[in-house]
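Chains here go by letter, A, B, C, D, E and F, matching the order in which they are written, and residues are numbered from 1 within each.
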Amino acid sequence: MSEPYLPTLLTATPEEGFQLAIKLSRLGVKFTQPSAETRERLRADYADNADSLTAASQVVAINFQTVAQANGFWRD
Amino acid sequence: MSEPYLPTLLTATPEEGFQLAIKLSRLGVKFTQPSAETRERLRADYADNADSLTAASQVVAINFQTVAQANGFWRD
Amino acid sequence: MSEPYLPTLLTATPEEGFQLAIKLSRLGVKFTQPSAETRERLRADYADNADSLTAASQVVAINFQTVAQANGFWRD
Amino acid sequence: MSEPYLPTLLTATPEEGFQLAIKLSRLGVKFTQPSAETRERLRADYADNADSLTAASQVVAINFQTVAQANGFWRD
Amino acid sequence: MSEPYLPTLLTATPEEGFQLAIKLSRLGVKFTQPSAETRERLRADYADNADSLTAASQVVAINFQTVAQANGFWRD
Amino acid sequence: MSEPYLPTLLTATPEEGFQLAIKLSRLGVKFTQPSAETRERLRADYADNADSLTAASQVVAINFQTVAQANGFWRD
């Protein structure tokens, strides 16, 4: 990845923050499995498995904690 | 999703905060498996499996940490 | 659930806080599996499985973090 | 349990705090499986399983976060 | 490991912080399985398993919480 | 264990903090399985299993959060 992929944790809204949490979760996978082709093939499996989806949602939840805290929970 | 799905993390009460934590947990699944039909089908399985339910409750717990902190734990 | 089930995160003592953490963990299950009959049936299984019990204790631990922080760790 | 089982989260030392984290982890199990006999029987299994031991250590780690924070990390 | 492997948690950018989180996750493995040969062999397996990749991403997410907090979330 | 095993959470450097996080993770196992012989036997298994290593790294990550926070992230 030559272009910047994570310039900031700050987002304008909670929704953008949630999208960033999803992005962070995928980045965590990408750096372990760099092949987009393999990731796409695996996706077919786990997107059809309830426990895999729950596990994916958990990683997003952890990353969203980080992003929400970074943004002061968008309180203002 | 064209309409805003996460306008704020602030809620009036702990109960509404808990409901928001559940919503966040489901959003984490929805963005991985966008097909409502598939999610509904999978739901039948994991809602009848004790460990799957515990895992789901764990994701809610993590998201509730975020929401509770955002709301200053509704101390006032 | 028509009556309020989560009026506050504040408790008088750590013990009551721990009980609230258990309640939150069960609420996380209840909203995914609303049938009390099904939950009772599943309970028989996972209460006799060491790993299921550890997983349940983990959800309680996460919720207890939230409750303890809400209560300033009952330091006073 | 009629006697108080969790009077405070404050401990004099990190070691006592770690012991309290272990106690909290076991309490999380105890309230799900109240039978001491069943817990003892299950213990024989999971104490001989590497992944079960790692999972148990994870619950202790989460509870230790809470206890350590409650005690200001015993910095003084 | 004779050379310093973790001189600081401070990084100039979120991207470098994310790389540090990945490094910390691998260090956690390295100290349990010191053989680079074994780790490389195991990598072939888990990099082709969706649930293993999600689990790896979760460890990165936890370490990224630590690194992000250490760096004040790179807010300035 | 008659000698003190956890005198403080404070360490001079991030590296020592990471080592302490590993120690805490092992203590969590030790108190559940006190037999060093059994632990050594189990180690042979899980050190050769990718998912077990990821799980071990996760426990270290959680404990490292605690240690890093205790040390103000070694910012100075």
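Here is the rule we use: a contact is a pair of C-beta atoms (placed from the backbone, for glycine too) under 8 Å apart; a residue touches a chain by one contact, two chains touch by 3 or more.
Predicted, not measured: the structure shown is a model, and the values here were computed from it.
In terms of the stated touch criterion, chain B and chain C have no partners in common. Distance from chain C peaks, on a Cα-centroid basis, for E. Note on chain C versus chain D: their Cα superposition corresponds to a rotation of 60 degrees, in steps of 5. Using CA-based centroids throughout, the chain positioned farthest away from chain B is F.
Mean C-alpha position of chain C lies 27 Å from that of chain F.
Residue positions 46, 51, 55-56, 58, 62, 65, 69 of chain A each touch two or more of the other chains. In terms of which chains touch, the assembly is arranged as a closed ring, every chain touching its two neighbours and no others. Passing around the ring starting with chain C, then chain D, and so on, the chain order reads C, D, F, E, A, B. Taken together, the chain B residues at the contact with chain C in this complex read 13-15, 18, 22, 46-51, 53-58, 60-62, 64-65, 68-69, 73-75. On chain A, the positions that touch chain E within their shared complex are 4-10, 24-29, 31-33, 38-39, 42-43, 45-46, 51-52, 55-56, 58-59, 62-63, 65-66, 69-70.
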